[in-house]
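Residue numbering begins at 1 within each chain, and the chains themselves are lettered A, B, C and D in the order written.
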Amino acid sequence: MEKDMLIDKLSKFSVEVPSWGFARSGTRFHSFHIPGEARTLNEKIEDAGIVAKLTGAVSSVAIHIPWDKSDDYEHLKKMAREVDLKIGAVNPNLFQEEEYLFGSLSNSDSAIRRKAIDHCLECIDIMKKTDSKALSLWLPDGSNYPGQTNMVKAFERLIESLKEIYIAMDDDMLLLIEYKFFEPAFYHTVLSDWGTAMLASNKLGERAKILVDLGHHPQGTNIEYIVGLASMEGKLGGFHFNSRKYADDDLTVGSMNPYELFLIFVQLNEFFDLSNNEVSLVIDQSHNVKSKIKAMIQSVTNLQKTYARSLLVDYEALEEARNGNDVVSAEEILKRAFESDVREIMSDMRSARSLPENPLEEFSRKFEGKLISKRG
Amino acid sequence: MEKDMLIDKLSKFSVEVPSWGFARSGTRFHSFHIPGEARTLNEKIEDAGIVAKLTGAVSSVAIHIPWDKSDDYEHLKKMAREVDLKIGAVNPNLFQEEEYLFGSLSNSDSAIRRKAIDHCLECIDIMKKTDSKALSLWLPDGSNYPGQTNMVKAFERLIESLKEIYIAMDDDMLLLIEYKFFEPAFYHTVLSDWGTAMLASNKLGERAKILVDLGHHPQGTNIEYIVGLASMEGKLGGFHFNSRKYADDDLTVGSMNPYELFLIFVQLNEFFDLSNNEVSLVIDQSHNVKSKIKAMIQSVTNLQKTYARSLLVDYEALEEARNGNDVVSAEEILKRAFESDVREIMSDMRSARSLPENPLEEFSRKFEGKLISKRG
Amino acid sequence: MEKDMLIDKLSKFSVEVPSWGFARSGTRFHSFHIPGEARTLNEKIEDAGIVAKLTGAVSSVAIHIPWDKSDDYEHLKKMAREVDLKIGAVNPNLFQEEEYLFGSLSNSDSAIRRKAIDHCLECIDIMKKTDSKALSLWLPDGSNYPGQTNMVKAFERLIESLKEIYIAMDDDMLLLIEYKFFEPAFYHTVLSDWGTAMLASNKLGERAKILVDLGHHPQGTNIEYIVGLASMEGKLGGFHFNSRKYADDDLTVGSMNPYELFLIFVQLNEFFDLSNNEVSLVIDQSHNVKSKIKAMIQSVTNLQKTYARSLLVDYEALEEARNGNDVVSAEEILKRAFESDVREIMSDMRSARSLPENPLEEFSRKFEGKLISKRG
Amino acid sequence: MEKDMLIDKLSKFSVEVPSWGFARSGTRFHSFHIPGEARTLNEKIEDAGIVAKLTGAVSSVAIHIPWDKSDDYEHLKKMAREVDLKIGAVNPNLFQEEEYLFGSLSNSDSAIRRKAIDHCLECIDIMKKTDSKALSLWLPDGSNYPGQTNMVKAFERLIESLKEIYIAMDDDMLLLIEYKFFEPAFYHTVLSDWGTAMLASNKLGERAKILVDLGHHPQGTNIEYIVGLASMEGKLGGFHFNSRKYADDDLTVGSMNPYELFLIFVQLNEFFDLSNNEVSLVIDQSHNVKSKIKAMIQSVTNLQKTYARSLLVDYEALEEARNGNDVVSAEEILKRAFESDVREIMSDMRSARSLPENPLEEFSRKFEGKLISKRG
């Protein structure tokens, strides 16, 4: 790819950050206080704005209801607009109410399903008020012990619930169905893999798509292949970017296996123009030991650099090598792009857009102290 | 369940054994000679007959082409009939020809795909000649390195190939599509999980179903849930029974986690009457250190005992406990059935049918010595 | 084994329950309220007493400092004594203070190490006051990102800290060193496997032993082999019993793979007389969806039944089969014991000791309602 | 690091290639013919020489007995010398004789242990004749089923066997003890992890060290930590380099997670000067679909590039960031080095030593055709 076009594409590339990524989070053992972390919705939007300003690659902020519930969504939109952001996906919370002990949308009790559906309908209402176009559904439902749940009936109840939600959505809204291998349920999870998410999505309609969270698969899973097949089927809705070494560790994206992340982008480029916002690229992480904002800057930057590297792949030569079963050449073509130093490209892109050369340092210099002294 | 009915169901329960389970096999490091192992097709059928005779629970023998290719399939049927067996699933071999280095039905070279399709058509022909009703397809296709294969196109080529095969099958024949997490391919496998197998099956038609091999999943996978969902969709075609601790270890079924096997049977009972041959229950193992026939007797017996235990579940009470979210009671209902000593039931069933009380001992006493002295 | 001796051994078999197993717990997403759960130290001891009374197989209760800190340990001992219990292992808490964000006993800051050491010394003091003989150390220390910590130096700092703790212990006290594959740290864990725990233990002395938690290993790990080797080395200190399907799920012991639990007991019997309290057998679970007391009754009962089954193994015949490399017979000997219905033995043991025939039902009938109405 | 010093270190860096990496290999399903593969010992040495000549970073070739057994080891040394190579580690083969069905050095039959010990003594003899300084022991011993083996006794028998071998070695020879999670044994492996290898090594003496094969760990294992602890203990003997996504896939080193490989080198640099041959760096791979020589060139080159990147780490700044618990900076210091384009450095090093600029292309141009036409 020509350098100009590469810089142009890189300039247009943007991702979504999660409001909850700026607030306190932790493990089941403890949530440590990280200096400067956001305490309110306002502060979360402020932080998202800082990351957007410093990286030039954030277009929207995902919100979580009820954590980000507001009396005045016009004000929320305005706050976001002031830092050049839109409201992105709306995320219902189906795991924190006592009623959901045995599940939410798949609960065997219709009154609890009702409550969960109503919460989703409320979220759709918030979507309308915030011009959000995606309902991003992660379902914690599952069971901890064999026997506890009739697993097939739970799936059927989920579909019944989802149909009501799906119908309530506008034609230009997407229902993103996330799957997860395990946790918080430890024996069975209703939406446990891309197969279950596809099954659900197929039963709903074309505006229901699957969402791939990089931390939600068994060890060794070839995620890029799932991405490819879902794309082929027109069913890839988006991502929750993060990284992990063990389970759903929610670490900074690209921190554990940057090559795997690159391979996912290579696969995406075969279907989408990512500079065009064709797929929902959302970061979903839980920063337990790092400065929340720095971790988010790292995440956005890692995604930018990975995208840049993926654009350096000579796709024509790759296809040719594949057709000749030249395994070594095909691999080397990928490796060549991956091993390229994209710092100059990043630097050129940044200076062309008057972005700081080093967002992390800029944050430390201009923002960090103030935020910590203000927030503690 | 009443004891009489239980014994009746247990009496009718039968499984399919694989011809290759009686012959030499091993790991990539070595295939050790096991005394008495079968060397010819005749000997494999003979051995299957011994297991059938001793356990009373084998109705058919799966064959593998070309390993079990014959000039005279009438003779093969007759041999099988003489030991009260039918020919079960026909298994094409798509992994041993040099042409398949880069894949068979999904190869980018149409001539190689042709060869692989033709081999499957040949197998369908053999099915007709042997009255077999299932083509059991395991596809080794995949790639070892990122870049090597355009994974999505490989899947599309596979579908194209399968369509030709599917069309050639009679209306009462099933195409069983097996998936596998990895091996022999180490980066990507074309049919890698139940999601890919379902996708393929959906693109073909209702006579294409998925086949679940217990050793082909990532660690921790809730296989019984996959079994349930596939059953719900009318897409469960059958099983390859074995056990594993690590990867596709192909150990005796029930040898590593007998409770998991029991849970699979509990799930099956909610959809099928297994005494009625409604699902294809095939053993697929590779016995590297045990006497082949003894290992097969253990396998059949383990399946019988597991089926018996699964019939002891009080399904009505289970459903009631579930509906009341009584996790402990639901679990205890399963545990009570699992922990039951079914030896008396097995013994009653065996004596009612004049089967030997202890098939393993009977084999040692009456057959083992002769086979070893004949075959070495 | 003769039935009398078996019942005698089973009668003497007892385990330790954890105070925290009766109180609220959950996942990082939420801790649900379970009706009747204990809210105070008194209630935890009361609950442990109920489980002891109903199962006849609990001799002590492990405590967690500061959760179970008391102004009057004489009173605590008295409370325990009243329900026929002793105070078991004392567990320091090194994961909930803000200072421990970057580690406790291995922290690079000597003041924080000091604080952590002092906490352990305080626990040793509590051991003396409560006649406890085991300091049970689980260390959350580790790091989330490559680079974060000099891993080797952290290990060396840990050893330095442990030496000070070890020296402060009486000659009849044990330091139990627990290891864990991951969580709460997601890149590296200072005590990550039995190899690191052995290394630490060897550097301290013979009263430092390793503690095996069944949920702290990579998938597929042969835990019984670790148990065997540590026993051979005189380094097996004890267990944290629980079960898991995925990670450290902290489910009821025996709920996921009861055969694996049986194999661990078979291995233990080759080194210890478990009816003699030679190894510390502690339950460590986090019951998120079950009644805490019922889950604990299930756990104790599962351990009793597993111990009974393991006593049914014909160890002499097993050794003979092994020496003859008779794989099938050796396996069948184990299976025969495992598949035995031990309910009659349990029943005989219970009636001989005037224990309730069905502890779960007895609890429901006599205790559950009162506890729920008292505690909510 | 100054560029000159970096190039100097990179110039001196060299690894060992395995003779068997040039010959046919495969999976348990099939070993495909790869054009140009070596068929004889001579051809393997020739191929090792080609890789050495093209990369400038191979100093020795590991041999496998009996595969590389020779009547004339003087001739073997001479052949090697002619292509500027030494004979590296000697690898006994304890997995291909029929006697080893139930184990070799740990077999319960003393006659079979004798045979296995004698084979190792023979290998030590070959070491003397070939000036090899390392006996590289990989033990396949283990069991497939619970009960099959008394695991602890098998370990004790292994130690007894190893003591005899250890004593027979010269003072300047190392015994490298390799461990493996599983395969070919599927229930238990005698040397299954670094803990078992350390235990064995400690029972032997200081010339017994552990060997880390990158494909022999459970998923998620932090290998660099094992490397660090073994180094701290003076027990790190060397590596078998390869890569994997699933199990022991034996893929090209660096092909699946190049960042993990980098982290291992970073850890190594904290203990060793790798330009000085202080640790045995051996490639151990099984190339099933790639040209054997090309795969080896890729492997050596990947190791060189990874070493170069690891030298770019600012270790002083890293230690400072660690001491200040500056997680983000510490991580960025590693990332900066990893993401550096080392192609210029590689190029400078190559031109300074008159090595071909692109070893893969040079091989294709000058060698590949000839080898294929000669060998088929």
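The rule is simple: a residue touches a chain if its C-beta (ideal position, glycine included) is under 8 Å from a C-beta of that chain, and two chains touch if they have at least 3 such contacts.
Computed from a predicted model, the values in this text were never measured in an experiment.
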Moving step by step through touching chains, the smallest count that connects chain A to chain C is 1
Here the gap between chain A and chain B, centre to centre from mean Cα coordinates and rounded to Å, is 39
Within chain B, the set of residues that touch 2 or more other chains is 101-102, 143-146, 148, 181-182, 187, 219-220, 222, 245-246, 252, 255-256, 259, 289-290, 327, 331
Contact graph of the chains (line, ring, star, complete, other): complete
Chain C residues touching chain D in their complex are 101-102, 108, 143-152, 155-156, 181-182, 187-189, 192-196, 198-199, 218-222, 224-226, 228-229, 231-233, 259, 263, 266-267, 270, 318-319, 321-323, 325, 327, 330-331, 333-334
Residue positions on chain C within touch of chain A in the complex are 25-30, 32-33, 95-96, 98, 100-102, 140, 143-146, 148, 181-184, 186-187, 219, 244-247, 249, 251-252, 255-256, 288-290
Contacts from chain D onto chain A in the complex sit at residues 219-220, 222, 245-246, 252, 255-260, 289-291, 294-295, 298, 305, 327-328, 331-332, 338-343, 360
